[in-house]
């Protein structure tokens, strides 16, 4: 490459990878905003009941279907329950499902990707064909089909969404492993007699972490959207536990009388997902500016 | 003596980077006459490429800041409008680059890329343009030019691609050709072919060439004059014979010392001078080469930047407080 | 090139086979006896046994799979438990609505995404670029069902400009067709467009940083000439990839929007089949959707080869 370009790169040599990553991330104001929002959400998720002004099942028929007011900042729903309180409590569900589902996807997908990328050949083909099959389904359809088997409910929704997002992690891990395993130090380790397991865990895994981390935040964003879609369809969290998607569905029934029932849960989803996306984008820029995986976007509703 | 085609006066280029201001080119001046071949030699990071990119107005400002004067045929370029620049680029001054695989568009045919400057600057289009493209390919010795013209870059060998780059630069008969490391990505044999080619074309067309390279072997075969660049400045400038016969800057001595003896294999990059080039963001005070110079006095050399001074009545100049072969 | 094509088709067939196995297995793991559900209150042991035999549920699973698969290859996907109609007919009925919505949404998406992505890449760092980035961030984070509900609120309920649901076939009147199509297409199209915008921008930005762009500048071309002649032809590949993925998603993954707008598409067919335990319909619908998705991917790969001369030769 030309001198000029090389020079640019030379001029910006990182001091240390972790420090530079953090520096870049913090400099990204959007990412910081996202982190703040997420921290807030986690706090709400843990301390929801203490923060919420009302209980989630405080029925008050006399005050049903009200818009925002002094005593009910987000208004009330068809049973007179306080929308704000229900939105706050529902945050826990969304975060739970999101984290556990993505945790599942990582726990299954990353090892598959590691094995496929490291051993290649027939193992790789078979594993990746299996991932291809999963990829052939639009995400939400797959989740619906799985829930048809398992039955609705929060736990099953976690498994369903987890299965849906496993192939992405497998593919991304495998892609990185293919690149990293070509590096000289891997061959050096092997020639020194290191076992496969040791090589994979001590040498390869640390170096493929970056794209996995980025994908994690992005998948969290989509997982929360998926959970919302599933509960909207009645397949996820079951009443009376509040969930943003479910609340939106209920809101739709009463749109004429009180549109606010549906507006606020949707806003909550929007803000949460945006926060994850900002953090994910920030991480991507900080860790590896060149990574732009097409596969990341799994479509919207799931 | 004809007027110089190109006059560069105290050219400076600074870049704003995350770590501070990088002083990449620090006041270089030179002239280029018609038909002359000037070689600018230096290591990676010496600022030689950035220097010529500035000549063509190809540096984005910001983050770069270019000051000084560049006059092409007497006309000041550095304050030109984008439109004025576009008229000169490819027509009056042309540039070819190091890696022909990445410097040629992979999804456009060779013919398309050749005819592009002709259509743009000379208004030659259609069949006439294609015909000229075939002629140009023939001129640089590419076999079966009439079929090659419809090929894509990846279908040609490295040497052929570089020839395509050269002839693309020459398509509009420029007065000045700038070759930025044009032979670095090629093997030795092809290198020799390319340098011969350019020299031959130069004679035919009467073009001036600025050759940027880190390879002194290449310089010996093609240049009239040589400027040695380090840390964004010229350390030594002389005719090619004078430079090889009586180098007077310690850096030049080091460079020449790393040339292989006849009989050994291909010329290496400059690895035998210990130490690293200076960091443009943190340029040392005094002579930029002092930290690596075995002749440095540790005092004046590290405090005072040596000026380019001519030795005797020749045009052989050196920027050193203790030039070699000269009594202090 | 035909070697490449053959390999891709083989891959697709294998994937489809895998999909069929997964779909079949899933359906037969569904708890609840479909025949019993279909009979409902008219349950009668003899009838039950006869029906089971008729449908083939008394045969071993493997045999059921192969007979289903064989039927599928000839276009016979079995019969719905709910209403006895052939599954293939049910799917075909839904196809026009699904395809209409998918392409309308994609059209909206591209009209928005291509200019936005290209301009924001060329003018990278400008306020326009930040504006586009911000808008696309909101776009990709927005739940599509919420967006749909908001649009209904605004355009149908508040302003009464457009109907809030339903599908009118083209043949029944262009105006009505368009009026019913706009809101659902806008809902998905803007979100899809946000996703595509980001890929267009990054593809164009990547191409702009290539050495051949420097060469083109050195030849004296203007920025827009460079974008048109050198940058865009090199950007199509990632763009086509994401457009293909989006199209595949639009054809089967917009269940929720279909529900909101009462749009008679394939996604809703599948959803209703889940609730009704109508597993032949579910099998058929999911298989068909996966098939379309894989077919689109194949087409995308073929287009790659046309766009990139380097792939053609291999």
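A, B and C label the chains in the order they appear, each numbered from 1.
One rule holds in what follows: contacts are C-beta pairs under 8 Å (C-beta built on N, C-alpha and C of every residue); 3 or more make two chains touch, one makes a residue touch a chain.
Remember, predicted model here, so these are calculated numbers, not experimental data.
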Contact pairs, highest-scoring chain pair: A-C
Maximum centroid distance from subunit C, chain identifier (CA atoms): B
Distance between chain centroids, defined by C-alpha means - subunit B, subunit C (Å): 53
Separation of mean Cα positions, subunit C and subunit A [Å, integer]: 21
In subunit A, residues with contacts to at least two other chains: 1-2
Multi-partner residues of subunit B (each touching 2 or more other chains): 97, 99, 102
Multi-partner residues of subunit C (each touching 2 or more other chains): 211, 214
Subunit C partner contacts - residues on subunit B that touch it in the complex: 56, 58, 82, 85-91, 94-95, 97, 99, 102-108, 116-117, 120-121, 152, 154-155, 165, 168
Footprint of subunit C on subunit A - complex, ascending: 1-2, 129-130, 132-134, 136-141, 144-149, 151, 221, 225, 228-229, 232-233, 245, 248, 251-252, 255-256, 259, 262-263, 265-266, 269-270, 273-274, 277-278, 281, 292, 294, 297-302
Complex interface listing, subunit C residues touching subunit B: 210-212, 214-222, 229-230, 233-234, 307-310, 313
Touching residues (chain side subunit C, partner subunit A) in the complex: 11, 14-16, 18-19, 22-23, 26-27, 29-31, 137-138, 140-146, 149-150, 152-153, 157, 188, 191-192, 195, 199, 202, 206, 211, 214, 238, 241-242, 245-246, 248-249, 251-257, 259-260, 267, 270-271, 274, 282, 286, 289-290, 293-294
